[in-house]
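You will see chain A twice below: alongside chain B first, and alongside chain C after that.
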Partner chain A sequence: MEEVADTKARKGAARLCSLCDQRRAALKRPKTLEQICRECFYMVFEEEIHRVIVENQLFKPGERVAIGASGGKDSTVLAYVLSELNRRHNYDLDLFLLSVDEGITGYRDDSLETVKRNEIQYGLPLKIVSYKDLYGWTMDEIVKMIGLKNNCTFCGVFRRQALDRGAALLKVDKVATGHNADDIAETVLLNILRGDIARLSRCTSITTGEDGPIPRCKPFKYTYEKEIVMYAYFKRLDYFSTECIYSPNAYRGFAREFIKDLERIRPRAILDIIKSGENFRISTNTKMPEQGTCERCGYISSQKWCKACVLLEGLNRGLPKLGIGRSRGLDNDGRKDMKHSNGTKNIESKQCGTLDF
Partner chain B sequence: MQLTLEFGGGLELLSNSVKIHNVNVELKNGAEKLTMKDLLAWVRTNLIKERPEMFMKGDSVRPGVLVLVNDCDWELSGQLDTTLEEKDVVVFISTLHGG
Partner chain C sequence: MACNSSSCQSNCYKNDEEYAEDSPSLTDRKLSTSTNGQQNLCVKCKANQPISSASAGAGAGADDAHFCYGCFRRNLYGKFRLSVTSYSMITPSDNVLVAFSGGPASSVALQFVHEMQHRAQKNFDASKDRSLPVFGVGVAFIDESAVYPDASEKVDDAIREMKLVVSKLTPPMKQLHVFPIENIYTSDSIEGKDRLTKLLDAVNDATGKEDLLLHLRMLALQKVASENGYNRLILGSCTSRIACHVLAATVKGQGYSLSADIQYVDARWDIPVVLPLRDCTAQELNLLCRIDGLKTLQLPNSPPAGINGLVSSFVTLLQEENPSRECTIVRTAGKLTPFHFNRIPEISDCTVPLATRRRQKRYNLKPMESMSSESFCPLCNSPLSNSDLSSSNKPESCQSSRFGGACCSSCRFQILPKDSSSMEHFYLSLPQQMVARVKHGSCDNSSMLRQQIQDCLLSDSEDET
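== the complex of A and B ==
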């Protein structure tokens, strides 16, 4: 009898939600340290995102919006929440799922299956663009050629253009990505660690590329990764969760580890880092790159050729280091590196996809 | 003590790709109760077959791994000090992967 009373006492002592004071608390929000129940969590999670969308004027009625969908936790939850808010608050948006196939066996092919399921589950039309079609190279082929370093450099540069390309094919007005608060805090740190002032000045913007082909926005800018995962878990949302096989070598991993350790001690740090990033002002003495267009493909670029064209040129000429590291341009090193590439097998030159913008 | 343990977010890869484990954990000699701290040590020894550093850091889970006891965030019940009972369900979800 005593045991039963003990158990009841333990359960009774379980905290009540600090918002509704009725239901049992299910999680502690890192953002506010509040202890709240599932139902209240769904509500604050969704409504906070709605506020971010409205206050930052992310969308206009009637816009066609592509959601960058990888099948992972952030993009799946983004697709789910955005559809829901679109309905609930009458944003009047035409939503699409846009996926990029980098050609990473065992990683991307599995996650694409998840996006195809999302297409059905959420009723959003899906478009997939592939590196193979756009550039003539899959990531697997690229890694075979360049080795296991700087993989993310190639992939990231190519993915950004691939997203723009897919967005143009879908004729959308905007692209929404699932970057969350943790991601952005990591990026701020990463740019500080590398002294990348140009990126540091841009990376906390919630909307970017307004002067480019298709603007992009990050509705999850102030949303904690932990909450995204908890939301997906409680709602039983279908997502794919394996690390890209090439990512363990990425520098970002160090920034991520540090952010996670910080979060444990002081969860608010993540939002505070973003706030610091938003308030950086660049010294007028600092020379900043000027924005122009790529001579070869017309894409936005601060150099003569955009990064994607430089990297592709390197791949097609068997020069894996072209465009990697600082001040390695096309003209100077082109001639130098020719002599050093004796060991590398010359891969038959592939035709780049046309990248006219 | 009979418990059900679940691994998600890619952690299952560390335990032979098995997501759900129904286990029987023995309490330490003389111990009256089982805490999460004890359970973590037990899991590391008995269920994690590779790369334990992906699951744990020191005495606790690696930062970025969420823990739920009976569908409740373990931060509410004292994290490592959480006491477990018969038939409890413990879920470990990693958030450390692409989104």
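== the complex of A and C ==
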């Protein structure tokens, strides 16, 4: 009797997985703090995503889906899991990798190599679209012109259009991006801090742009960033793990730090923020932007010119602040934007890789 | 409304709606940088010296340096008075209770309410027909030394100070009610203290414990108000506190009920709660206390821990980066749709002056759903969202689990104990008012509906309900 008790005491630290009760627990699950084994972790991770896809009807059989691939952990894991689930549960999807080259040396050129490897590893066809080709400017050139303060705005706006253009070239029905729960929670907080009630009502939607040509969805909406990292780590997936070199100055950093601290005290707070975002009572009468087309390029836009055209105009005319802050139209901007605009940005952008909207 | 945040330094003076007859708009402020130059005068009256940054103290925004003392004070009082009149917070026949904690916000609230009452009294004394009565004012302090036993001596000192402060606010005289929080239990005080301690000890989560204490504090204030004949409860909640609440509620998953807590008027309680200082920032209130010499009492209680503490430090950080951030947060949250109880119920009483009734009609928020059947969480009294309701549909066996099922998911997570025996103890230690909410909740809706269709019902029998 005592010997058994002894060995049990010695083994004390080695618990059994709380899900299968057979294998040894290898990790603590960030979302629920359960102590589980690796196999069970893979299973709950993948099956939760499968449930999100099914319950929210993200895909239809036979659809062509482009995965926004930056080479970072979110998009790599997304590509991996989506192809796995596509096989396992017979989604019957045609998957593609779509990558955007912003022209950031020391960051994007390296991550693109990763995506090219992913193309081979996962067997998914890859298409790369670059800012240079689409707009005539790389991010490095843009930063040289406008400085380090508002560059995320430019990158985010340009990337969104780039993804849409790439998706059109690939003739896909849908774009899937790797936005995870942390990203969406950060966006909810940012929109509260910035006073953007219109975006606040849209940012928690799992599918956006359904009334447009190519809707985009976020299968990782309820997946924690930490779990994605854990999954990629244990599965030894090939991904590029450096942050964008321009990111330290982003306002999103405030929200990110706060959420990290929050996760430490109460892990479920991230999902609670998303839940709050979904439940905010925002009247449908609230003035929402009307959808039209850009006069210059024909892209969808709520103003006369789409944001990308406004920003490009600024770049080409040597007016770095055009389109930044609360300017009204293109003519006043010369004078108005001379005022230093305390870091106000119009579009929130994810720090590395993909887009929100 | 939406002022250009890059030029709004603080306090959102550009909101045109805020200014009544004798407070002309502050667009003069725009000229301050160019015209003031060497002279450095108050931007409003252009006559006096602006408040020096020395007396303003550390952390005063650049904006405060533009106003002289008189204009600053008039502006702050003006905001208070506009809120009171626009939302009919205080009418001549009312008897208002000011919740007083000793901190700067409630000190200013008390001071301003007194000044308003004092003015009304002078008008009353001077008028020939004495047609407009003067509203009554009382002060309530909730003594929480049962929760923080080590601090009871400091609390006694604070109470002595408070009595002095209130006694100086005459005429008219105001009564100070010191209410120990354990008295929310109808039993005697020792048993009350015991049950209170048991209740709070049953909560494991630090944030949950803090929030539960806040809910109990509101119960206490409601009890003081109703037992002493008051019909309005004034809280000194300012922009800064509301900004913290917006973020904290978001983080706790209470996005649905958030809009209920941050309006000027909250009438879901027996005694409606009003927030006249909602448009004033903590910085302004602190400054006023400092230069007016209003005594603020530092009450000994632990600094907020857990989520509330984290949110508080986050907002402080954001304020350092941009001093108008608190205003923006509250403005954003202000765009959320309020509830039907976020207005003073319309007065049909003919004795109230017509002007008052008309003004109230004008500012009362348009009812989106005139007879909405909201259910409320028995612990925090917040309206339940559809997701909270759907998860409580299972028929429960015992009373304590039925209670748990009636709570919102946030309270269920952070306040209610997880295992059933602790839950039993918790349930037994609850004050009667919270327990009663569960029973009433389910009856209220159907009785309200029944009232609407009463004249078409043919049978009165209970079987038919």
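Methods note: the second predicted complex is superposed on the first by the 315 of 357 C-alpha atoms of A that agree within 3 Å, B and C clash if a C-alpha of one lies under 4 Å from a C-alpha of the other, contacts with A are read in each partner's own complex, and residues count from 1 in each chain.
Assume a contact is a pair of C-beta atoms (placed from the backbone, for glycine too) under 8 Å apart; a residue touches a chain by one contact, two chains touch by 3 or more.
This one's a predicted model, so the numbers in the text were calculated from it and none came from an experiment.
**Student:** Considering only the touch criterion stated at the top, classify A:Arg24 as touching first (chain B), second (chain C), both, or neither.
**Tutor:** Only chain B is touched by A:Arg24; chain C is not.
**Student:** Give one of first, second, both or neither to describe whether A:Lys149 is in contact with chain B, with chain C, with both, or with none.
**Tutor:** Touch partners of A:Lys149: none, neither chain B nor chain C.
**Student:** For A:Lys73 in the superposed arrangement: first (chain B), second (chain C), both or neither?
**Tutor:** Touch partner of A:Lys73: chain B, not chain C.
**Student:** Let me test your reading of the model: by the given contact rule, A:Asp196 touches which partner, first (chain B), second (chain C), both or neither?
**Tutor:** second
**Student:** Contact-wise, after the overlay, does A:Asn180 reach chain B, chain C, both or neither (first, second, both, neither)?
**Tutor:** First partner only, chain B.
**Student:** By the touch definition at the top of the document, which applies to A:Lys127: first (chain B), second (chain C), both, or neither?
**Tutor:** In the superposed model, A:Lys127 contacts neither chain B nor chain C.
**Student:** Would you sort A:Asp261 into first (chain B), second (chain C), both or neither based on which partner it touches?
**Tutor:** So A:Asp261 meets both chain B and chain C here.
**Student:** With the two complexes superposed on chain A, say which partner A:Cys244 touches: chain B (first), chain C (second), both, or neither.
**Tutor:** After superposition on chain A, A:Cys244 lies in contact with chain B alone.
**Student:** With both complexes overlaid on chain A, does A:Arg15 touch chain B (first), chain C (second), both or neither?
**Tutor:** A:Arg15: touches chain B, not chain C.
**Student:** Pick out the shared contact residues on chain A: the ones touching chain B in one complex and chain C in the other.
**Tutor:** Touching chain B in the first complex and chain C in the second, residues 261 of chain A appear in both lists.
**Student:** Please name which positions on chain B make contact with chain A in the complex.
**Tutor:** It is residues 8-10, 13, 62-64, 66, 68, 71-73, 75-77, 85, 91, 93-99 of chain B that touch chain A.
**Student:** Contact residues on chain A for chain C in the complex?
**Tutor:** 188-189, 191-197, 200, 254, 258, 261-262, 265-266, 268-269, 271-273, 275-283, 286, 325-326, 339-344
**Student:** List the residues on chain C that touch chain A in their complex, please.
**Tutor:** These residues of chain C touch chain A: 2, 4-7, 207, 246-247, 249-256, 258-259, 306-307, 310, 314, 317-318, 321-322, 325, 328-329, 331-333, 335-337, 368, 385, 387, 410, 413.
**Student:** Mind listing the chain A positions that touch chain B in their complex?
**Tutor:** 7, 14-15, 24-28, 35, 70, 72-75, 178-180, 183, 225-226, 228-230, 233-234, 241-244, 247, 256-257, 260-261, 263-264
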